[in-house]
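Can you read through this structure? Questions will come right after.
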């Protein structure tokens, strides 16, 4: 029988994968992907808990997370475009003029 | 009578202020005249007070105004004119008047003439406060006041440069002045401590109140106070080991030496002991008194020994002063306070005379003081010769001059107290005194003429100066004759100053005196044969002898100044330097700076955390989260989760 | 089949929504006006925004304390009112700065003002609810607007700043979501009052502590990021440097107020429940934040960056008050920010008043210390005003921040955290150095003589704002009392 | 333990769960590790679709649909457009320093989260606040809650999307190409210079 | 005029603000006029001061932040009265004696602000108001040192500021804790010092609080080992800065001890006697020796300041009226004497642009007036009777002798060591042959300089001869303080150690009530 913890652990694993992606990747686009993964991981957990408790709040939360993820992508891509126009690169290592 | 007290006290002050008004202007004879006149008024007032006291026996005690009061402590400017203080007042004002008049002539050519008088009168004022005050703190005012005036006067010729100790043992007037001031300060600390002890145990500093409470005090308090006060006295009266400043103080103008460093200020220590006689005569402090007597005797001998070989005219007289102060302390320590006081007065007269004579010589010789460069001066300076010879006779203690009476009484006292060692030393010292006094007289006034060859053309001092010195000569002669009446006079103070020889001593007194006189006379004779002859038998300098151990020891003052320099002055300077450069700058300050630098350096290191690379930032964030989670997991597992209700 | 639900309009308590709706409506009106005529000047939009903010402010003032609305999603309690007032107040100081003489890219967009108003409404939603969902949505609305506002400054550094802020914000959002998951899993609810109820019953269950602590940490990462707590603060200096100076000043105050309100709700709940661990976590983070940020500020060469670090340090200072979880502690947060707001905004704005045509002292920085050398000779009043701001930030009485500072320290002492008060004191001392450094440059150094053209950016509105900030900084002692009693009343009324 | 696993694998739900799990994990790993953006994006999209599978399994049909529409439909389309702009067909070069740290952190995060979730997090005492209604479709259920309790967040989300839209338009717009901030040409006309005073 | 204290505090500040309008050429006269008015006001304060009342007078109280217990609360007693007069006097004289200065307008205005903060410190009876002025006083001083100082001026000014600032922040925590404790006991928030006096604290609290206040005050005094900022501050500051710093700012520290530490923590104060005395002795001896090693005249006086402050510290902890009154009196004396000495050094610096002792020698010949005044101040500095320096120093040593004879003797060496370093300066600067060509052309003091110094000389002599008008009010307040401490002390040791003067009339005392 698949219990709540299965889903939660899956969510944890996916979250960590996303985290690894965030930490590892140097391309900003890939960072966006990784955050999507993390948000989706939480969605699984929300829906699983929601199912487990028979409560709709979790699904609500997941719904809004999807909305938020969408908005973030829009703004993020806008930023990337303007950045790319200026820098010609999306590599984080090129984006370190402010430091110290 | 009260107004007379004020007149006696403030006349010198007015003189000083008056002179200081002209302090920065050209020499004005009238400044000296006015100052002298005011002093004379002060003397007259003092003499009237003395006469009044002698006749009526009423001690005058007045309080001028409050000075310091804090908590229970209360001290006023109060003055007392009793037998002790009136003695001092009279002596001080008399000698001062004469010295002032003398100085008009002596300082004739000095452009700081007016300034000199302002200092000198200020000194007298301080001295009057010292002797007239009715409490220890008032005495301390005068005590410090005379110290400052002494500093000003010793360093009067401030512009003279420092010399090597070999050329001039006193280095320079300003150096000598500082030395005098600082050494006195060391002693003053002792005196302050004495004052503290007395205050906290008796609740007052007024003589009569303090002395009234003395019997109630414990032995340790009494001994402490006695020692502390005596330390104060040691400084002012230049007792070993605080004696070196006195000879160096001879850098000052000669009237200063006469007044301050012979007649008045240096006797303040003796005065203090005499003033505190109720304390020093207590059973409990007998040990301290004995120590005072012993130290006095020692200094008498010690100073005399150095005088034996000294070549500098003024320094010889200074040594003799030291030596005589020793005598006084011996007397005071042995309980013969009135004898000490009497010797003080007598000494003041003949020593002042001696110094002023020396001043004449110096004036004539253009400040040259080396006896070896003089000789046969009596032909050119007959008056001075007479004065100095006379004063020397008084000093060595030949009857019927003043020195005989007082000094003999001291030697007798030592005998009477069965302190035979002291007695023997005092007798020997008397012999030495005779020798060096006349060595000095003979070397300067007799023997071969050594100065003409060196280009000196001495001339006699002004007549009025010689005339002014005359009263001193008279006093040097006659003072001793009034010894018994003085005794009667001072006995009225109370039991503690009364001192009588035992019958046994009384019987032997004449033989003892004769013995001393014999020793003195033989010393003079010896000196005469050694130094006073002319022609072939004339004295010649013996260079070889000057290389001898004892000679060198004595001429170098037993190496005490050198010791002070090497073991106190230099190390002090060195330690100060180390404290500053090594400890203060390198440790204390550096610690503070290093704390600041540490933060700054940490900032520089921490700054590297801010690489500017987003990836690092994200790493930081994740690392932070993971550390927190890790710590949370561990603390949750070991139950530190911390629900503490 | 579901029953239809009848909802009476009264029970919705729509008035609780009014302030946000005003802001949103204002934003939309601006967008519409732009659509109709796109030739209009920015002054119009500035004034419109200001008006909207005024109305908004009034609407907030009109709210009753401790009301819920709209199915209990909206929560209008004391802290939500005062925080909204402060958010709007801060914005009202900020927005007239758009009227500078120098043209800046962002002000050329009417959308800038619309986004600004949307952002404010986002913050308002964030503070006016205890529902994690609405907090999240409000937070994101505000954040997304803010990223855009930063980027619109349109310099190389501002993109970099926006991207850094954005990516880290996205990560923080993920952590927030994950934290909410754990909270939801633990309690079956995302409404904090309910969460607190359920959690209180579950605290004693074995093996659950790790999850409870975990949830607090995951949320802490999210808000630590917003509040720029060590080690989640790394974005702050770069973002402040990249943003325009007043916006940086604004960012160091207003979003933080909103984040603090949520933090008080969330972490205050944990501490109230007796999870001491959370208190210590916050304390340690706060101490680390104020100390390290201070130390890093010491070595900065650029005034703006120094101010950035200094505001991080101040945030740490205030965070410590949060850990106290007393009414005084919470009051001190708002008092501190209210007083800090004027000074900090003023200080950042002062960076603007002059600039050189080229970056002549330093290739990278716009506002190196050298720029301020001998300012007292060039602009005496400007130098004095800047010095007052610096002294205020350093906590020298009687300037405004001092009163906040002693109130925070007093709160720490009252809760028995004397060591904390001492650390705060020592940190203030360290901080004094870098504030002083600027004063030293302005007052004690000679101006650089061979300067190429210096531009002065002093428009009247700028001067008015700076004058107002100075006035508020200097006369703080007179209004601290009413402010304090109001804040204290509001906060104690809402039970914090 | 293992029997349990086998038994659960035998059920439809269990089989689907494990299948989807492995697939999503694999796909997301590809997203995270791949050097090619196109691969990464494609696998991300595939993973998203699979996640909607979980939603369906869990009975959240509405969310499942939304997931597909929003992610695969909207977001992926956006990414695809953007990638055309960025010329993403190339392999990207990244210097991945600190790889061990990254994976340690990732592992640690997984460990910690699993620790948390492994705790007895479920409680029977918890009463659902917004219970699912028996016999009512998920979409209806969701709609009921969404438009009562969560109407305000819904509207705010709308605002958020508006903000996102405006932001996207502004940032990607032409007007951003010439920076007024960095344009100092107009300064001399506008500004007062000290020198002239 | 009941609000004379407010007038005293704010008049200089308002005058400073108005000073911005005054033309640069006339600003000096303006400054002098203002400070003279302030000085006259302070004299008025003295004359209308009720000498028989040992408590606070001219009290003003306006609640500022009642919720925090902060109020605008001013008052003077015999202890602060004369420090205020010293402040106004030294500001006036310092300003009058000031030579040609660049940016004189800024200087005058800064000085006026400084005067406000200094007076504020001494009249404040609310801890926060006290702290406010205390901190604020750093700012003008920072500017004075930093803008008109020597080559290391920036280092010196920052060091001065940060050092004091750090210490006072610790003190602030102490204040907050006292307020908290007061709140716990009474349920009311109050920072009023007189309210705090009523608070009887347990020993442990007292010790900690004493330590907190100690750090704040000790740095300001400055006590060893916190003294290292002062050689820099003095060394780099312009003359006027050194004068004010030595004359007034240092007194804030010792005043703080009297106002806060002693009455609030009597038991801790008694327990701290030995450690503080040891530090003070180090200050006295060690810095006197360092002063001897200095090559710069100003540094000699700077270190001598530290040494004298050691004596003051010693007196504060003598726990008897003699020592405490002496200590307060010594504050005045040190203020005037060291202020005058710094002015003198400044005058010679203006002429020769060097302060190195080795550059001089024989100056008496060309500058007799200068030498005389220097000599008088020197003698006052080494504590010659009948000068102001003696009264305080004597009373302090007298008082402390009751506590520890041995320590008093060590402290007493200051009269020797003081003479050693001061006479060294005198000898090498004023005595000896006049050799250097530059020195031969030196001009003696001009009228302005002479007339700004003569009042100080007059005060030095006057208060040396007749200190009673000043000492009596001080003594009244000190007696009240000691009686109060004695009653408040909880340990037997403290009660034994604190000696209330027998002459104290309890009916006159009204300490600790408002």
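A, B, C, D and E label the chains in the order they appear, each numbered from 1.
Assume a residue touches a chain if its C-beta (ideal position, glycine included) is under 8 Å from a C-beta of that chain, and two chains touch if they have at least 3 such contacts.
Source: prediction; values computed, not measured.
Trainee: According to the touch definition, list the chains common to the neighbour sets of subunit A and subunit E.
Mentor: Expected: B, C.
Trainee: Nearest chain to the global Cα centroid?
Mentor: E
Trainee: Determine, using the mean of C-alpha atoms as each chain's centre, which chain is farthest from subunit A.
Mentor: If we average the C-alpha coordinates per chain, B ends up farthest from subunit A.
Trainee: What's the chain with its C-alpha centre farthest out from subunit C?
Mentor: B
Trainee: When all chain pairs are ranked by how many C-beta pairs they have in contact, which pair ranks first?
Mentor: Ranked by contacting C-beta pairs, first place goes to A-D.
Trainee: I'd like to verify one number: the distance from the centre of subunit B to the centre of subunit D, where each centre is the average of its C-alpha atoms, in whole angstrom.
Mentor: Averaging C-alpha atoms per chain gives centres 99 Å apart.
Trainee: With centres defined as the mean C-alpha position, give me the subunit A-subunit D separation in Å.
Mentor: Comparing mean C-alpha positions, subunit D is 4 Å from subunit A.
Trainee: Roughly how many whole angstrom separate the Cα centroids of subunit B and subunit C?
Mentor: Computed value for the inter-centroid distance: 78 Å.
Trainee: Averaged over CA atoms, how far is the centre of subunit C from the centre of subunit E? Could you give it in whole Å?
Mentor: 44
Trainee: Residues touching two or more other chains, restricted to subunit A: which are they?
Mentor: If we look for residues of subunit A contacting two or more partner chains, we find 4, 8, 11, 15, 18-19, 22-23, 26, 31, 45, 53, 55, 57, 60, 64, 67-68, 71-72, 75, 78-80, 82, 93, 95, 97-100.
Trainee: What are the residues of subunit B that contact at least two other chains?
Mentor: 596, 607, 610, 612, 614, 618-619, 622-623, 625, 629, 633
Trainee: Among the residues of subunit E, which are close enough to touch at least two other chains?
Mentor: 162
Trainee: Which of the chains touch, listed as pairs?
Mentor: Those chain pairs which touch are A-B, A-C, A-D, B-C, B-D, B-E, C-D, C-E.
Trainee: Quick one: which bits of subunit D touch subunit A in the complex? Just the residue numbers, please.
Mentor: 4, 7-8, 11, 13-14, 17, 21, 24-25, 28-29, 31-33, 37, 40-41, 44, 47-48, 51, 54-55, 58-60, 62-63, 66-67, 70-71, 74-75, 78-79, 82-83, 85-86, 88, 92-96, 99, 101-103, 105-107, 109-110, 113-114, 116-118, 121-122, 126, 128-132, 138, 141-142, 145-146, 149-150, 153, 157, 160-161, 163-165, 167-172, 176-177
Trainee: Using the touch rule from the top, collect the residues of subunit E that touch subunit C in their complex.
Mentor: 63-68, 106, 128, 131-132, 135-136, 138-139, 142-143, 146-147, 153-154, 157-158, 161-162, 165-166, 169-170, 172-173, 176-177, 179-180, 183
Trainee: Which part of subunit B faces subunit E closely enough to touch in the complex?
Mentor: Residue positions touching the partner: 23-24, 65-73, 137, 140-141, 144-145, 148, 155, 158-162, 172-175, 178, 181-182, 185-186, 188-189, 192-193, 195-197, 199-200, 572-573, 575-577, 579-581, 583-584, 588-589, 591-592, 596.
Trainee: Touching subunit D in the complex: which residues of subunit C?
Mentor: Residues 1-2, 5, 7, 17, 24, 31, 70-71, 73-74, 101-106, 108-109, 111, 114-115, 118-119, 121-122, 125, 131, 133-134, 137-138, 140-141, 144-145, 147-148, 151-155, 158, 178, 182, 185-189, 191, 194, 198, 201-202, 205-208, 210-211, 214-215, 244, 357, 378, 453-458.
Trainee: Under the stated contact criterion, what part of subunit C meets subunit B in this complex?
Mentor: Spelled out, the residues of subunit C in touch with subunit B are 163-164, 167-168, 171-172, 175, 203-204, 209-210, 212-214, 216-218, 220-221, 224-225, 230-232, 234-235, 237-238, 273-277, 280-281, 292, 295-299, 430, 433.
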